[in-house]
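Just below sit the structures, each encoded as structure tokens.
Below are two complexes that have chain A in common, paired first with chain B and then with chain C.
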Partner chain A sequence: MNSFFYYNTIVVVSAVSVFGAASGFLGTLLQLRKQSLLSDAISHATLPGIAIAFLITFLLSNNNKSSFALFAGAAVSSIAGILFLLFLDRSTSLKEDTNLAIVISLFFGAGAFLLGFLKNLPTASAAGLNRFIYGKTASLLASDAFIICGAAIGTITILLLFFKEFNLFLFDKEFTQVQGYSTSSIDLLLGTLTLFLVILGLQAVGLILIIALFVLPALAARCWTDHIRMMLLQASIFGIVSAIMGTVWSSLEEQLPAGALIVLSMGFLFLVSFLFGTKRGSVWTTLKKRKQRQEKNVDLLLQSFSDLIQKTPANSIINMLESRSSYALPSLPIIEIVDMLHWSSVQRSQILRQAKEKNLIFRQKDSITLSPHGLSHALRVLRLHEWQHIFVQFYPDHAQSIHQRKLNKNEREKIRIILKSQFPILFHPSINKLQKDNLP
Partner chain B sequence: MTWTSTDSWILFNTLLVIINCVLPGVFLVLRKNSLLGDGISHAVLPGIAFAFLLTGTRNSIFLFLGAVAAGLLLAFLIEFLQKHLALEKNAILGAVFTLLFATGLVLIEQGARNVDLDPSCVLFGAVEISPLARISIGAIKIPEASIRLMLLLLLNTTLLLLFYKELNIMSFDPMLAKSLGYRITLANYLFIIDVAITAVSVFEIAGSIQTVAFLTIPAATASLFTKHVRNTILMAIFFGILAAIGGYMIAVVIPLNIGVPDTNVGGGTSIMAGIILFIVIFLTKGLKKPNVVR
Partner chain C sequence: MNTSPLSIKNLTVHYDNKIALWDIHYEAPEASLIGILGPNGAGKTTLIKAILGIIRATSGSITIFDRPLQRTHHMLSYVPQRGTVDWDYPITALELVCMGLYRSIGWFRRVQKKHWEKAYHALEQVGMQSFAHRQIGALSGGQQQRIFIARALVQDASIYFMDEPFAGVDAKTEASILILLRTLKKEKKTIFVVHHDLSSATKTFDHIILLNTTIIANGTVKKTMTPEYLKRTFGSSTTLYEEETALQ
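Entry: the complex of A and B
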């Protein structure tokens, strides 16, 4: 525990957390651009460059600790990887995902091929290379950490400076072009920054796991918000928190790889966001969906009374509504409802119970009657149904988009008049009072 | 160098690996799902690590089952998250497979440290050692790996011949398949199981990420040429065989002849597959814009 306060550790933790913020920020932009896996392609494409640089430095001198050569090699080969990806995208009919898979596996394969030579060289120590593949956060030197920290801060600064342009570009590419910005140079800037950050982060997290730092914070932030500023802020915070959590965790359990622990901490934050996020959190959306489904089922139940209501003279229904008693309405056998709606017996008893709790129906042994409250609701459901019926008759072109297209005032009025002439009771004032929603 | 029977077996195994990968690979490419292969090949690591920790043996049956289960878990998680979040599929895939891979690394470091379960072995693979363990059948001694790969080839070919029509319809028009009464979800998972079994069986030999190259590159190359699925499969097998032979040449034969040590055969094969793809792109661009059914 004491070692956590060592100078080197503090420097490393702060560097990694600044890096987490930068990658979360950039990852959000990449996700909105739908290019999340660009970072994956870049990181895998660094392997052959690293191997070549390692071989060259090994052959020239026995000193294989030269980080600069490895970085340069990584940069060159990942640029080659991106160019190859662009080439495949532009000049073949292959799909985007296939191209990504080709670049990832081809470059990694080439790296494995080159590293194979290395393994057989007499005294090559693989330690320096494993650092790039699996990441060794704990063994980062303070000097490396300062470079990472500076680069990450630089990246964030550039992203903030060009935030307006990025924002415009992500949401409306054509408009950005019309405004006179060069979209390809914005794309290039995004790609360059990703490349830069991936290569610098390799030592900390390793080339297979680094993509998690770009993808996961953005996904987690997306569970909470749809606004770009909030998303960027949250993704950066998630990046920082997971970096700190992972590094501290790895300092507690020495033999565990810190890169993997950072990713797992990020995964934990993602899990929490996925469950409880206010925007897309699965708990809330599942509850909401269930409630909607229940309401729809109750509506269906009420709709099964429509035949009965239409057979009853309008006068007596108005009487019932005004005197708030519905005993004059005949009851409906449950068997008949089952025939109409094809519910399972479990579902049926559940829905009947819900309708009873809402005070919509009275239940006898094997039949149900509408309560006065339920009658108004049933009329409301009937009105919605009939309205849609007339809509389809008059505007068959829009029939498929019944929920999407808003009719204009005249069209609405037309349907309303027809509906009112056919079923005057559906416009009884007691129905309009029920819910504030937009009853047509 | 002199050509020995070991060399023949290595080449034979590489050929088996690549043909095994091509058969499901063609359909991965057709379904625009190539990255699923990438995901599954990463998910292999936690699968075998977990199976090892659970059973405490290196019995390959358990490791195999663990890896297949991890592949299925990956597919399930992707589908589940995609359904709930409705975000970019690739991002979700990237998130899930890195999380699984990180879990695998931690499990290995935690529990299997003192045992010979090396992540590098999973990543890079070693076809060179595949002929070592041999079983004698009659007079000849056949490497264990070859027998396994031949069984896998039998499985893949049988599945392909049995479900050729179904796979076709589902790849091109899932809605039609659904309306014809096929059970798409079930069939999808069966296909994923097949991909997982294939990936798991070959990763020791090919390396988990080079497996993706075998799954994707020959199939993609072939899909530039033809419109017919049958021709795509045949051409992909042809390109795969070319790549395997070429890969063995550049990884072993040529280096040994010029006095350099030999290297990773899987990597060499990926490079050759890439070179073939490159040549084919230039050839087809000379003809006309390829009009591939996707």
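Entry: the complex of A and C
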């Protein structure tokens, strides 16, 4: 008994995780097709069919709930749902999402009505239908699990075989058409696979939540990569991981529905990706932007000393740099800087604090002076500034890509010579040392 | 017998109840650069899409070198307007260009090294090789336009259809695209370009189609760009163009 139970669990976990991989893969394609909700429409549209199929088998054989009949009912009614959706898309001017809402609510409403009716039947077996709504992973039979597994592997294989064509179609439908492909066939294949996978996955996750397994892996993967192949791979992996997490979790807490736990696990993975994903993770983006802003503002503060520096004889600047003292440089009134840079008072105190923390400035009551360290940095900023000017002047074509594209050696040398002839102090060794890679 | 690269007979297209194109008859000259000009809503894009079979025509027949469209897909190349695709799509510039080769690679076959090289070469032709591995969304509008053109080049087609390839492109890029188009022409290709700028059209094209729901005039620049035809095509909106040419 025990070993059978163990065997069954292993089979179920593997089936659900392979299903997760397939739904992650297919869901990514649907998301790129901007049809994520298609899986939701399909899943909700199955309900009336399931109820009717149940009723028919009940009337014919009195208590038997045949899985096959239920699947067939689900398929027929979701195809009806899709046809209704297509009809709405073609013959009304309503938006696609409105039509999806119509199909989802109408079919689910009809299904719920039929279920309510079934509950009044003498047998209690109508309760078994709940597994289609909420999913009952743990009670999956090994035979069902094998079917799910096979179907998922089949789906992935087909998607891989036609990947090139799907990719082309999803990116540019009209171009695909001009190339002589039948776009409606590609679309039909995508829709059929979705239908197939949704219906088979119903028992595991339930028709309400199954959409999460199609939508979330793709979104999570997008936070990590800009490459479609990588995105597909990651979405599949997310699907697998969440399926395993959810099923294992539900085996620990038996009263909790596995479908919900799988979806919650996926939600957790999505949240982590959304926050920390290397491509679109919001934490990194926010931090990077903040750092950029801070650095630029501090640089602007230093830049406001440019006039002063340029008025000071080069000799005394070199002196200051070498003796590490900058006291010969006059101070600037804060009010003047703030006027020049249009900072708010909050910004002002923030930026001055940062500059002080970095040991770039000395602050008197109403004015600031550069520290020796700050002086070198001010020269660095000045050099960068002047470099940009010359750069844009000589290589206007590359102006936008200054930070992205490295100039070749000759181009760099040319700018360096011009700049050096104009401002020899900007090439003082103490400046070269600062942030070597950042300095052209 | 002399076969035209593109011959259109009785082409009419409806959008809902509106007439978009009416009774178009056209024979394209060989190896030339042909501008399609007309006011907004004249059906320029519709004409291209109908020729390519993207839009279903109400009536009419289209032949490419005397053969029906169904058997000439490999001879046609299309550069859509930039706004028609989602630039957030997760592919690089090189992959986008490579898509132009998918048909010739065929079903169930992988993209091989020689295909990548071919795509890279096309990127070089439009001066975009240093952006090959950039995600397409990170490119500027003009750069996106150029990789679209590279995707068409890689197909090595006989007839090119370009929908506003100069839209949102700076003067320098425009000049380099134009050089490319002229090179194509020298290779005996026929190129159709939907264009909106009347003043540059005379310098750009050999032949011009003036379109306003139906073809008002077509032929050489000299024959078509007359005040009378322009007035019939654009109504009063050509005054600017006339003033400009008067100034020159």
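The rule is short, and it goes like this: the second predicted complex is superposed on the first by the 293 of 440 C-alpha atoms of A that agree within 3 Å, B and C clash if a C-alpha of one lies under 4 Å from a C-alpha of the other, contacts with A are read in each partner's own complex, and residues count from 1 in each chain.
Quick note on the criterion: a contact is a pair of C-beta atoms (placed from the backbone, for glycine too) under 8 Å apart; a residue touches a chain by one contact, two chains touch by 3 or more.
Every value quoted in this text rests on a predicted model; they were computed, and no experiment measured them.
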Practice problem: Give one of first, second, both or neither to describe whether A:Q31 is in contact with chain B, with chain C, with both, or with none. | Solution: first
Quiz item: First (chain B), second (chain C), both or neither: which does A:R222 touch?
Solution: both
Self-check item: Partner, of chain C and chain B, that touches more residues belonging to chain A
Solution: B
Quiz prompt | Partner chain(s) touched by A:F113 [first = chain B, second = chain C, both, neither] | solution = first
Practice problem: Quick one: classify A:Q303 as touching chain B (first), chain C (second), both or neither. | Solution: neither
Self-check item: First, second, both or neither for A:E165, with chain B first and chain C second
Solution: second
Quiz item: Taking the superposition as given, does A:Q388 touch the first partner, chain B, the second, chain C, both, or neither?
Solution: neither
Practice problem: Look at A:E174 in the shared chain and tell me whether it touches chain B only, chain C only, both, or neither; answer first, second, both or neither. | Solution: second
Quiz item: Given the touch rule stated above, what does A:P257 touch, chain B (first), chain C (second), both, or neither?
Solution: first
Quiz item: Looking at chain A, which of its residues have contacts with both chain B and chain C?
Solution: 34, 222
Quiz prompt | Contacting residues of chain C [partner chain A, same complex] | solution = 49, 52-54, 70, 73-74, 76-78, 80, 84-86, 89-92, 95-96, 99, 102-103, 105, 107-111, 130, 135, 137, 140, 151, 172
Self-check item: chain B to chain A touching residues, read off their complex
Solution: 29, 32-35, 37-38, 42, 81, 84-88, 90-95, 98-99, 101-103, 105-106, 109-110, 113, 119-120, 123-125, 207, 209-213, 215-217, 220, 223-224, 250-251, 255, 260-264, 266-271, 273-274, 277, 281, 285, 289-292, 294
Quiz item: Which chain A residues qualify as touching chain B in the complex?
Solution: 31, 34, 36-37, 40, 44, 88, 91-95, 97-98, 100-102, 104-106, 108-117, 120-121, 130, 133-134, 208-209, 211-212, 215-216, 218-219, 222-223, 255-257, 259-261, 263-264, 267, 270, 274, 280, 282, 285
Quiz prompt | Residues of chain A defined as touching chain C within the complex | solution = 32, 34, 161-162, 164-165, 167-168, 170-172, 174-175, 177-181, 222, 225-228, 231, 397, 400, 405
